[in-house]
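First comes the structure, then the notes that go with it.
Chain IDs A, B, C, D, E and F follow the sequence of writing; residue 1 opens each chain.
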């Protein structure tokens, strides 16, 4: 018997960003001919908070939402997975949504955003729980957030700097989305934010296409760390694994084999698990391993969110998974 | 054996307006706690076109839609019921949606619009199939359309005047929506349009609350017909029936008993059936009867659309319905 | 724009009891021939916490759960509705479940308990968050809890006395369940608890059949209040309304008309709303009205839980509900 | 603890007829716009066997089926409810189906048969388990069976006569279906069969429209019994109850109030329960009561089949049903 | 913004054949134990019309259908995908259906036809829109159609000759179905039709097993073209790609990798896309490429129909598909 | 046309064990976040009876069940697949259930038992149909049954010895379940039973981990046969195939390739088919082949049960399966 582990009295990790309603036809149907939709809640920063919580961190997600059944659906959909939410409720602005069509090869999975003019796009620093952020160990957001509005560009910068200035570790995933902005716009904005960031995560592809980096993953990590003085740089490479550079030291981790049910949220699961490990003092190598195993499990789970326990992650790490456990 | 009746080579009725995606939790669930949504297509003017088609008219719906899976979902969802569509496809603007929560007494059915900045709001007359409209017998739109944008206010007026000038009968339902505009805004706009309208349909409540009319349904009909020289005024009164004033003559019709499965679209079913009857030369009294029976059937059918045959409507008119027909 | 209202930093109301997994065939199917089950979370005391929270209270539910996917399902299913949970996780004992068959007249709704040996039945006072309970304004449990095991009989008594002794208002619903114990067993146990209870809620039928009271609802309330010195007695009478006796003053409230979708949880919705009103200082008469309106709304919502907002309750109170709100 | 009651080593009741696959859109949807169908098994004679079994009889259904997944679906769908099946499997002929649209007032429930050329239509006496029929106490079929083919007309007559000749009680429900034959065809055929029938059940409406009887239910029963020397005549009158004439004695029974979920199979539930009572020696009045209560329960259950226990029927008879039983 | 592309005022392609209702248990369930069925519309010739339409052709499907909800379901299910329908409605004959069980290796996907005596089997040339066919650029049917009845054998021959005589290109897919006729019957019938066919498509296996051809795909194409003077012969080889011989010139195309969700309709998607390309003047090599890519996409989509856009096909051709497009 | 094959008047095979209700979230969802459950019936010994029946044996399953809708659900769920049931109904004890989460690699499929205190655990020999068992050719149970209670340990031993003594062949699958008992407990119990067993089936892994055997499958089989004088030992090796030792002769069979939809019940399908072959006199080698093909088919079918026909098994054996059979 242990004491309650789902009530976070102090928060280790606060994340901020947009969480959307996710609408997707079941079983590979096309939107055009579907008569039902699966209805879920999804957003990179809340995904990260949930992944970190599932690995043991006390995590909260902060944002601005419309005071409507749609906004309440978002909160319900996140709280069920164990995190806390700190919400600025508003009567202005929409609830962002996205439509998702799952497609197997050669169709691919297609995302159709309907997120313009979301309430979150008007978030100013005062809408956010700055006290909670300053009390946290890590504050996290991603490159999606400043891509959503000029107000958010400014808010993200201000909050990152404020957090860093009060001793909070700031973590950031580049998360480039080509349907939101161009590589040039992204680079200009993100490099303005980089001085306020301690832990940078980037897909190798984003590092090349958006940040203009060349060479292999290690070259990319060194280049970024040298130029921007990040404490930690993590380069993710999909099925090719991941690499971290931390205080000048280099760590590598391969990816686990997985049979994919839903690929969305893989990167967020990786980051959330990595941060949870860093929060409890786990070394960088082990944090990469947990990130990698958590990411592999994510791909077996429908939806954006990695609904797992730490024990399940550890069974993957220990290769202790049977076809049937009974 | 008869020849094909689903391919309209000439069109009797063209309607214009917004058609939305309708997202509703099944079985009375709340949006906040639902994990699936029923996914349908719904809009007052396409509802009217479909109802008219089901009663025998050649009907088409015209509008502007985003060139996306969501816009294509709208066309697929309308074409399946037999009408034709004439679409201006665009890369600008959203696909309007609405969320619907069915609630029994005392909860009521709740509609949450998410239709701001829909592609249709930028429709100019040239986006519409003016040739088809001028060739039609009736052109129909409703008070929802001008409520959506100032562009649409102007477009609706222009198209109504153009149609009327070329000899097309123009029909219009007040269809006041309190979530779109105030009664004063509505009255100012609609009375500007009234000179271009031949057949006006209004709920008794809208006549009172929006058009500022007093008295009973007959007073309302006379008052409107006298002031605006409508050829026909139809006043609908829900379960209390309907009343028409046509060329000075008054017709009345009671409502049919019905056990409601989905109340949305009742008025549109009434109007579509009424117009279909008028199109094939049926007298006003009989048209009211068909309208009333079609409206009663609508309430037994999930979704906005009255998926019936003329024979089914006539069985209601003839009281020839058994508990089980086998 | 208001600040976050879903994160309770201090708790007004703590409830304690068993929450089960609820398994029910859809659409009136029989268990014997169903191939799917709806899967929900349900328990009188968590229902009360949620109802109170929906009306504005900061509420938490405390219990003991198996450390398994089933126990986690319970927490997820409660947190989504906004309350906090304080759980003693254990490897001993089952997760209670119940199967529910919805039946219309003359079949009735049938509950099949499968709750023997649930983890909660071994709850000792130390498993509960006694600090949170002592800091709360109200502590609530119901007659179901001591019916589950002799350990719980003793724990419930101890916790009620501890709470009352530290100045917490204790509230209790008789909630007699004939499938759990006999009327005699119930009366013996409950009357032992009564001295530690400030606010007693009882169905009129339970007062007669279990507590052995005679006369009308007012007689019952007076009799109970006189014998046991309750600060407040509430007697609920189903569609006949409710009556409260508070500090010797009598209040009555009729029931609102409702078309029932799911009758389970009606009483809990009433109690939760009543307590929420009392917590924010609302007078007893108004609290009965909110209780009654919340109970009426509950019956329109599938599942045990009253997923509403305070605004929706007030629209019922103000008779401001249309067939369709758009 | 009692011994197994689902394995019938000897059979009290054998029924013979067509059982179809029943395909129906969910939730009141129209066939034209539905994308899923509920898939059940349904037929008057198997319905009767199941109803009798649920009340305690050892019952079997005999028929001819195509040796295909569709034919096997029929057997699976009947065996699950506890009866035995005796099947002549064949490679000739189709599996009959029917499509069902549930409609509330004023739409009505609509049945679309697709049963032409079903395997059963070629059933000759030798395809049937004549030994089992001769060993049974009651053999039952209905007026649907001879309506299906001229082969069946002849087979039904032959089997009824053979059964009666060996001392088996023969029971028969008129069950007129206007989509299968005309009243005149039906009367000619049925009156040929009447000499071989001991227990005749007829809806009052069929007695008038098909058998050409006048007067009230009692007149009808007397007229039929006098003319054809039936041992028992039962006249069913829907919500107006039922009347039996047995060995010259008259019995009446009112119908129980019911809130209908699915009206199909009401009459078969009545007949099955009535026969089960007669099989175990229950008097005619009580048999009518069980029939009536079983019919009322049927209407609360989706599908053709009355999935109940004898205890549930008796609770209806004893008015011992609560809104919630827990 | 472009003008409407879903309303075909003139028709490039008319196809003729049977379209059935397709009934399939979800998720790999067996028919025998399934309680729901997916309900779709499917037929080789309507599949081809839809595939051609999705690639840009104006396409219509002509047939004879029962005037019933089932026949209307077929029209609704085809019109939603954008094609027009020209229907001879009749009160004679059934609506054909087929049951489909999806099975993974080693079970295979199993089709159970229930299509005997379908209304379409009595189609005479006058039931068809001969004017529309003569105005079209291509008329298409397949070897399934003449296999259904002797009337259809004669009708297909007459219509093919009539079309060819008026300058319409006639296209035909061998589409051998072993559950409909023997190879010998098929060969005798088809070779009678060959003189009236310009474009012949055949699976390599059908060419061997039915048409008695030997050698590799190129030998087959040359042999057929030489003997029957086809303008174009296309030999499809499943995952081994396809080969065309056009005016003596040979073209080859490999198949695209695909992860199959539903294999039905692959060949029809290929043919429809190939014909659409030929209709807009695309060269044979490119037409094969579009056919191959469209066929690959089909296998990712549930149902018989290839619900894609031309842009999606071109992304496959250009290898411009990501795991997630966002 | 053949006579009925679904009514077993004499029984070849009787099996005894626990059958549970199986509750599983659809589509790979987690229990924690699922709102519906698939509801099936599952148990090793009833799985074996069904598999044997599908291959042609007359099979029955005997057990003890609670007299409740849950117990009746078990009987309904088994009878639909064609076997007979012989049940001791009781008011004592629960209906066992298990929750199943399907997970792809690297998650694995997870079984959560909730089967403590099931009614079956109190089964004494007199609760079982000893007459039917003694009349059968084979009696079968598995190592799960004695693991459930000490009463069952004793009952299983007694019934095996009684059956063997009356000339019935006794068959037994080790079926080790680590969530029920330790390897040591299992070995001690099972070796007590071995003298009463004629045909022993064991997974190679269980032979090593539980029975303490070393060497390859052949060594294991010889060792077991030598020590315990089994007539037949079958060692199953998953995708590596199976090996049998019968009267000193050795037989081997490879596994068939399969794309797994549901792995549960694979071994039971193998055993049931193997026993059915042995019952009808098929030689051991062929019986292994049928077992292997049936096991491969099982993995393509959702649920525990192998819903196939003998013809389908033989098509796998004859490699006569196409991607689409039509």
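Structure notes:
Going forward, a residue touches a chain if its C-beta (ideal position, glycine included) is under 8 Å from a C-beta of that chain, and two chains touch if they have at least 3 such contacts.
In this text the structure is predicted, and so the values were computed from the model without any measurement.
Steps from chain E to chain F, taking the shortest chain of touch contacts, total 1.
Checking D-F, A-C or E-F against A-E, more than half of the residue-numbered contact pairs recur only at E-F. The distance from the centre of chain D to the centre of chain E, with each centre set as the mean of the Cα atoms, comes to 45 Å. With centres taken as mean Cα positions, chain F sits 61 Å from chain B.
The geometric centre of chain B is 38 Å away from that of chain E, both derived from CA atoms.
Across the assembly, chain D contributes 27, 30, 32-33, 35, 76, 80-81, 110 as residues in contact with two or more other chains. Within the complex formed with chain E, the residues of chain D that make contact are 23, 25, 30-40, 68-70, 72-73, 76, 94-95, 97, 99, 101, 110, 112, 114, 116-117. By the touch rule above, chain F contacts chain E in their complex via residues 26-27, 80-81, 256-261, 293, 296-297, 300-303, 305, 307, 312, 316, 321-326. Interface residues of chain E facing chain F in the complex, by the touch rule stated above, are 27-30, 32-33, 103-111, 113, 177-179, 263-264. Those residues of chain A that touch chain C in the shared complex are 1-7, 64, 67, 75-77, 79-82, 84-92, 127, 129.
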